[in-house]
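There are two complexes below, and they share subunit A, which is joined by subunit B in the first and by subunit C in the second.
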Partner chain A sequence: MDFLSTPLLVTVILGSVGLAIPIIDSLKKERGSNNKLYCGISVGAILLIIGIIIFRIISGEQIPTIEFGKGMLADDMFGSFFAISLLIVSIMVTASSWNFMKNKSNPAAYYSLILISSIGMILIAYSTDLVMLFVSWELMSIPTYALAAFSKRDPISNEAAIKYFLFGALSSAILVLAIGLVYGITGTTNIGQAIISMVNLQQDLVPISLFALALFIAGFGFKMGLVPFHMWLPDAYEGAPTTIGALLAAGTKKAGFAAAIRVIILAIFVLHLEWSMTLAIIAIFTMTLGNLGALIQKSVPRILAYSSIAQAGYIMIGLALAPYNDQALAGSLFHIINHAVMKAAAFIAVAAVALTLTSYSIEKYRGLAKRMPLTAIALSISLLALAGVPPLNGFWSKLVLFSVAINTGPEVWWGPYLAIAGVLNSALSLGYYAWIMRKMYMEDSPDTSKVKEPRAIVAVLIFAMIFMVGFGIWHAPILQFATNSVPNLSQLTAILPSIPLK
Partner chain B sequence: MNQLIDFVLVSVVLFSIGIYGLVVKRNAIRMIFSIEIIANAANLNLIAFARNIHNVQGQVFALFSIAIAAAEVAVALGIIIIAYRLYKEIDVHEFRSLKG
Partner chain C sequence: MTDIQGIIGFEGMGINAWMVWILPFIGASLIPAIAKAGNRARDYIAVGFALSSAVAAATLLPLGIGGEQVHSQVSWIPILKLQAGTLADPLSIVMANIVAWISFLIFIYSVGYMHGDKNLTRYWFFMLFFIGSMQLIVLSDNLLMLFFGWEGVGLASFALIGFWYHDKKKDFVGTPGHYAGGIQMWASPSHAGLKAFLMTKAGDIMMLSGMLLIFTYAGTFGFTELLQDQSWALEMAKSNLLVPAAVLIFGGAIGKSAQFPLNEWLLEAMTGPTPVSALIHAATMVKAGVFLVARIGPLFFAVAALNSSQFFEVVAWVGAITAFLLATQAMVNPEIKKVLAYSTGSQIGLMMMGLGIAGLSTSFVDGFTAGFFHLMSHAMFKASLFMGAGAVLHAVGSRFMTDMGGLRSKMKKTFIFMMMSGLSLAAAPFITSGFWSKDAILASVLESGYHYSWVLFGIAVTVSFMTAFYTFRMLGMTFFGNKSKFVQETEHHHPVHEVGSVMWIPFAILAIASIAVGLIGFAFEHQLHEMFSAYLANTFNIHAPVPGGEGIEAKSGAEFLDLQGLNPIAVSASVGAFALGAIIGGVVYMGRVINPEIVSRNIISRAVWKFFFNRWYLNTALYWVAVIGPLALYRIVWRYFESTIIDGINPGLQGTMTYFSKVIKAGQTGIAQTYLYVFAAGILIIVMLLFL
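Take a look at the complex of A and B:
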C-alpha cells in the first residue's frame, strides 16, 4: 500500500495528534485545564486532513469508487465522501467543545478520544475487507463508550454509557458471527471476493448466507438506529454529554451507513433481490416509529434522538431501492452528508442552551429567541432543514430520495409507497419541530434577561447555517459529489451476469 | 468430535447461553459475561471454519477479535466501577432515570 494514500494519511496524522495530546498533558508541570490548547490542536489536525482530501478530489488524484478492492483499504471516492462528512461533524464537535469542556476535567483525554474515534469512522468507509471493517468498527465504538460516560459525577451520563455499551458490544459480537459465517462459506474475508464466490454458492449453503446477511443487518442496524434495534438510542443520545450526542447522532450513525453500503447492498445484489423489500419495510417502520416517539417527549435532546431514528428511515429508502435505480444510493449519500450537518448543528445548539441555562427541558426553551437570538435562529434553521422545508439542504436530499422512490414504480410495486410514507412522515415530523420553534419564538419566559452566548459554539452554528442555507439554494455541487462517489452498480452487474437485474 | 458440525453446534449452544444471559440476568457484570460468551461463540465458529477450509485468515481474525473484546471489556468495567460509586449497586434495574 502506498504510504501517501488518504486512509493512511488520516490514520497517521489524526492518530499521532490524538496520542500526542495526552502525552503533552502528562508532561506539563503546571496544573490547570489546557482545554483551549488541545482544542486548537485537534481542530488544526482535522482541518489539515479536510484540506488534503478536498485537494485530492479537486486535483483529480482520487480514483473513482471501486467495489472490489484487493487489499484491506481502497483509497476511493466513496471513502473520501464519508471522510469529508464525518470530519465536518468532528470539527463541529471539537470546536464547540472549546466552550463545552471549559472548567471540566480531563480535556486531553476527551479530544484524544474524539480524534481516535474519527479515525475509526473514516477507515470504515475506506475498508474493502471484513477484518479491516470490524477493526475500524471497534476503533470507532470503544472511544465513544468512554466519551458517553465522560461526565463522571453525572449518573445520567453513566447510565447512558452502560446502555450504549451493552447494545454496542452485542452488535459487535453479532458482527463477528456474521463475518465468521461469510468466511466459512466463501473462504475469504475480502468483501469483493466473498461476493463473487457467493454468486456460485452451492444451493444448500444459501440459507447460511441469508442468515449471515440478516446478522449483518442486525449488527449494523444497532449503530444506525433501525427500528427493531433502536431502543438504546434515545437514552444514549440524551444522557451522553450533548456534544458527544452530536458525535453519536451525526458521526457513528453515518459510519454505520458506510459499512452497510459496503456490505449489505452488494450482498443483496448477490443473494436475492426480494431482500431489498425487507429493507423497505424496515425503512417505513423506522421513520414512522421515530416520528411518533418524538411527539411525546419533553426533553429536547431526546426529541432530536427520535428524529435521528426517523432520518435513518429516510436514508434507508435509498438503500432499499439501490438495486432498481442508479440515483437511489446518490440520494442516500446526499441525505447522509446533509443530515450529518443538520443534526450536529441542532445538538450543538442544544449544547449551548444546556451550557448557559443548565437544562434540557423544553419548557426552558420558552422565549429563547429573545434570550439567545443566534442559538435560536440556528436551532430553528436546522430543525426546518431536518423537516425538509425548502430552500434548505434537507429539502433537496429528500426530494431526490422520494422522486427515486416514485420513479421505480414500474419495476417494484412497493417503490411509490416508500415515497408516500416519507412525505407523510415529513409532515408528521413538523409537529414536533414546529413545537420547539413555537416555544422559542411565540412564548415568553418568566426570565427575559439576555444570556451571553458561548462564542465558539456561535461560530460553529454560523458555519452550519451557511452550509444549510448555502447548499439549500445551490445544491448542485454536493449532489454531484454524492453521485460521483456512489459505487458503480452497473459495473457490478457486468461482473455478475447471472443476476436478474431489472 | 472432529467434524465441523460439532464445533458449530457447540458454538450455537454458547450463543444461546449468551442470549439467555443477556435477556434474563440484570447484573451488569453478568451481562458483560453474556456478551463475551456470544463473542467467543463467534470466535469458535471462525476457528472451526479456518480449520475446515485450511486457510489461516479466520484464525488471524479470531485473534483480532479476542484482543478487541478485551479492550471493550476494559472500558465497560471502568464504566461499571463508576456506576458502583454513584449508585452503590450494579443492578441495571436501578438505572432508570432515562425513559420514555
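Take a look at the complex of A and C:
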C-alpha cells in the first residue's frame, strides 16, 4: 500500500494530533483550562487535511469515482467526497467549541475524541474491506459515546449517552453477524470479491445472503436514522451537548450513508434489483415519520433531530433508485454534503442560543431576531435550506433527487410516488421550520435585552451562510464533484473487473 | 478530475466583463459594513466602486472598437444544461461604457446633492445594486441572466423612487388638488415606487412568458446558441409562435422603457432623489428596454428575416405612439423634472422607432445605428439636464417652474450647461449630438421603404417640433423673465446661489460632451455605422445592401464633414421643426412677448390643453381598470370564498397532522426496552420485505 495515500495521511496526521492533545494537556501545569489552544490545534489539523485532499483532487492524483481494490482502503474520489463533507462538519463543530467549551472541564479529551471519531468516519468512506469497515465503524462510534455523555453531571446527557451506547452496541453486534454471514457464504471479507462471488451464488445460499443484507440495512440504518431504527435518535441528539448533536446529526450519520453505499447498493445490484423497493418503502416511512414527529415538539434540538430523520429519508430516495439511474447516487451525495452543512449550521446556531440563554425551549426563541440577529438569520437560512426553498443549496439537491425519481422510467413504477412523497413531506416540514422562524421574527419576547453573540460561533455561521447561499446560486461545482465521485453502476465492470454483467 | 478547474477557469479578457457587473454588487454588499467606519469613507468607497466598474468597462473598449467579441461561460445549472456567461461584443461594450461612465458622474453628483441625508447607506446600497443589475443586463450572454438583472433593476428602482418613504409633502410629485376623472393626479414617493414596481412587473411577466416560450422550443437561453442552431425559429414559425414570443419579450421592454401603454409609472418616478431620476433616465432602467430590443432585434431579424416584420412593426408603432403621446404632455406640464420625464419617454419612443424601422427596411444597420446613436446622445444630454434640474431644485426649493424664473443671473454655470444640453435635446442643427442622432432616425425612416414610412416620418417631425418647443419653454420658464414671487420670498431667507463644484462639474462634462460629439456628429455617426455594420455582418450575417453590387457599402468612406450621405428632406424637416418650435417657445417663454395665458381664452385650445394636462386620461383609465376594479373583485372573493370555504378547510388539515404527530410522540416513550423492541421488529419486517 502506498504510504502517501489519502486515507493513510488522514489517519497519521489527525491521529497524531488527536493523541498529542491529551499528552500536551498532561504536561501542562493548569490542566483542563487550555480550551483555546486545543481548539486552535484541532482546527489547524483539520484545515491541513482538507487542503491536502482538495489539492489531490485538483491535481488529478485521485482515482475518479469508486474503487474496489484488493487492499483494505481505496484512495478514490468517493472516499474523498465524504472526507471533505465530514471534515467540514468537524471543523464547524471544533471551531464553534471555542465558545462552547469555554470554562468546561476536560477540553483536551473533548477535542481529541472529536478528531479520532473523524478519522473513523473518513476511513469508513475509504474502506474496501468489511473488517476494515467494521474497525473504522467502531473507531467512529466509541469516541462519540463518550462525547454524548460529556456533561457528566447532567442526567439527561447521561441517559442519552446510555441509550445511544446501548443501540450502538446492538448495531455493532448485528454488523459483526452480517459480516460473519458474508464471510461464511463467500469466504472473503473484501467487498469487491464478496460481491463478485455473490453473482454466481448457489440457490440454497440466497436466503442467507438476504438475511445478511437485512442485517446490514439494520446495522447501518441505526446510524443513518432510518425508521424503524430511529427510536434512540431524538433522545440522543437532544441530550448530548449541542455541538456533539451537530457532529452526530451531520457527521456520523453521513458516514453511515457512506458505508451503506459501499455495501448495500452494490449487493442489491448484484443480487436482485427488485429488492431496492424495500429501500424505497423505508425512505417514505422515514421522511414521513420524521416530519410528523417534529411537528409538535417543544424543544428545538429535538425538532432538528426529527428533521434529520426526515432528511435521511430524502437521501434514501437516491439509494433506492441507484441501480436504475446513474444520476440517483449523485443526487444523494449532493444532498449529503448540503445536509451536512445545513444541519451542522442549525445545531450550532442552537448551541449559541443554549450557551447564552441556557434553554432549548422554543419559547426562548421568541423575539430572537432582535436579541441575536446573526444567529437568528443563520438559523433561518439553514431551516429554509433544509426545507428546500430556492435559491438555497437544499433546493437543488432535492430537485435532483425528485427529478431522478420521476425520470427513472417505466421499469420503476414506484419512482413517481417517491417524488410525490418527497414533495408533500417538504411542504409538511415547512410547518415546523416556519414555526421556529415565526417565533424568532414575528413574536416578541418579554425580555428584549440584546445578547452578546459568541464570536467563533458567529464566524462558523457566516461561513455556513455563504456556503448555503453561494452554492444555492451557483451549485454547478458541487454537483459536478458529486457526479464525479459516484460509481457509475451501468458500467460496473469498470469498478469490479471480473463481473459478468447481468 | 480536472473539471473543477475547468468550470472555474476564465480566459483572457473574459474576467473583465464579469468584473463590470460583479464589482458594483460587491460594493453594494460592503456598503453597510463600511458605513460603520464613517460616512465619508462610505460615500467615497461607493464612488470608488462605480469608478472601478467603469474602468473595467473601459478596458473592454479596444475589443469593441476592433469588432471582436469575448464570450466566457461557466456551468451554472447543470440539471437544465444552463450556462452562466458574459458576452462582450461591440453592442454590449459600448452600452456598458455609457452606463458605467454616466453612472460614475451621477455618483459624484450624488455626493453633493444627497449630502447630509440620514439614510445614505441605503441610498448607496441601492445605487450600486442598480448599476450592477444594469450591467448584468448589458453583459449577460443569455436571456435568463438578463432577466435576473432586469428584476434587480426593478427592485432597485422601487427602492430608490420610494427612497423618501416618509412621504413628506415636499417630496410629492404632481399638482396638489388635481383630479382627472375621479383619480388623484399627485402621488407620494412610496405610492410612486410601488406603481413603478407593479407596472414594470406587468411587462416583466410578458417577457418571462416570451422567454420560456423560446426556451421550450430552443432548449437554451443563450444568444449565441440561439443564433447557431436556428431550427427552433422554424418550429416556432410553423406554429405561428415566433412573432408572439418576440412581442411578449418586447412587452418587458415596453414596461421597463415606459412605452405606451405602460408609460404612466415614469412620471410618478420623479419622486425619487434627482440623481436617481438622472440614473433611471440616462443610464439605467429605461435604457434597458431599448438595449433589449437592440439585443434581440437583430437575432429575430437574422433567424426569421421574412417572418419578423410584424414584430418590428409593433416596435416602430409603439415607439411612434409613445413619442407623440408624451411629447404633447411635456408641453403643458408645470414641473421641471416631469417635463424632462415626459421628454425621456418621448425620446425613447424615437429610439424604438429607429430600431423598429431597422427591421422593416432593406438596410438593417441604418435604423439600428440611428436608434443606438440616439440612445447615446440622449444618455449624455438627459443626464446633464436632470442634474442641472436637480441643481435648480436644490437652489430654489420648489419643483414647479412657475416658482422659478430669472435664475439666469444667479446660477450662471447651471444656466450655460443646461442651455447646452437643452439645445442638444431640442436638436439645434449641426452643432449638437441630439441633432445628428435624431436626423439619423428621420433619414432611416424615410429611406426604409416601409409602406407607411411617411406617417412615421410625419410623427417624428411633429415630435421634433414639440421637443424644441417644450425644451425652450422649460429653459425659458426656469432661467428667463423676472423672478417669480416664490423666488423673491425665498430670497428673504437666503439668496439663491450657484451649486458647489462637486455638483456642477459632472453635468458640465456631459453638456460639453454632447456638444463635442455634435461638432463631429456626422463623422461620429459614420464610425458607429461602420462598427455596427461589421458587428451585424459578422455576428448575425445581416449585410447592408450593396448598390453597386460590388460589396462596397453605400455610405462607407465618408470623411470628416463630408456631408454627402445626408438625406436633404430629413435635414430640412429637422431644421424646420427645430426652428418653428424654438421660435414659438423662445418668443413666449424666453422673450415673454406673448403671455401663455392666451391658451385658456379659446375654448378649443383650452380643451386640448386640459386633455394633455390630464395625461390623455390614461392614468385615470389605468386606475379604474387595474386598481379600483380588482379591489372590488377582491372584496367579493374574500367575503364569499376565503372566509367561508378556505377558513373552513384549514383547521381540519391542521388537526389531522397534529393528531398523527401526537401518535408518534406517544410512541416515543423514552423507555429503552420499547426502543429495542421496535428495533428487533424492524429487522424482522425488513427480512420479510426482502423475502417477499
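Throughout what follows, the second predicted complex is superposed on the first by the 486 of 502 C-alpha atoms of A that agree within 3 Å, B and C clash if a C-alpha of one lies under 4 Å from a C-alpha of the other, contacts with A are read in each partner's own complex, and residues count from 1 in each chain.
Criterion: a contact is a pair of C-beta atoms (placed from the backbone, for glycine too) under 8 Å apart; a residue touches a chain by one contact, two chains touch by 3 or more.
Everything numeric in this text was worked out from a predicted model, so none of it was measured.
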item	value
Which of subunit B and subunit C A:I296 touches, first, second, both or neither	both
Touching partner for A:E138 - first (subunit B), second (subunit C), both, neither	first
Partner chain(s) touched by A:V423 [first = subunit B, second = subunit C, both, neither]	neither
Subunit B versus subunit C as contact partner of A:A149, first or second or both or neither	first
Contacts of A:L479 with subunit B and subunit C, given as first, second, both or neither	second
Partner chain in contact with A:L166 - subunit B first, subunit C second, else both or neither	both
Partner chain(s) touched by A:D235 [first = subunit B, second = subunit C, both, neither]	both
Which superposed partner A:A20 touches (first subunit B, second subunit C, both, neither)	neither
Which superposed partner A:L205 touches (first subunit B, second subunit C, both, neither)	neither
Those residues of subunit A which subunit B touches in one complex and subunit C touches in the other	162-163, 166, 170, 174, 234-235, 296-297
Residues of subunit C defined as touching subunit A within the complex	1-5, 7-8, 74-79, 84, 657-658, 660-662, 664-665, 668, 670, 672, 674-676, 678-679, 681-683, 685-687, 689-691
Residue ranges of subunit A touching subunit B (in the complex, touch as defined)	130-131, 134-135, 138, 141-142, 145-146, 149, 152-153, 155-156, 158-163, 165-166, 169-170, 172-174, 176-177, 179-181, 183-184, 187-189, 234-235, 238-239, 296-298, 302
Subunit B - residues contacting subunit A, complex	15, 18, 22, 28, 31-32, 35, 38-39, 41-43, 45-46, 48-50, 52-53, 55, 57-58, 60-61, 64-65, 68, 71-72, 75-76, 78-80, 82-83, 86-87, 92, 95-100
Touch list for subunit A against partner subunit C, complex	57-58, 60, 62, 64, 77, 162-163, 166-167, 170, 174, 207, 210-211, 213-215, 217-218, 221-222, 227-229, 231-232, 234-235, 275, 278, 281-282, 289, 292-297, 396, 399-400, 403, 428, 431, 474-477, 479-481, 484
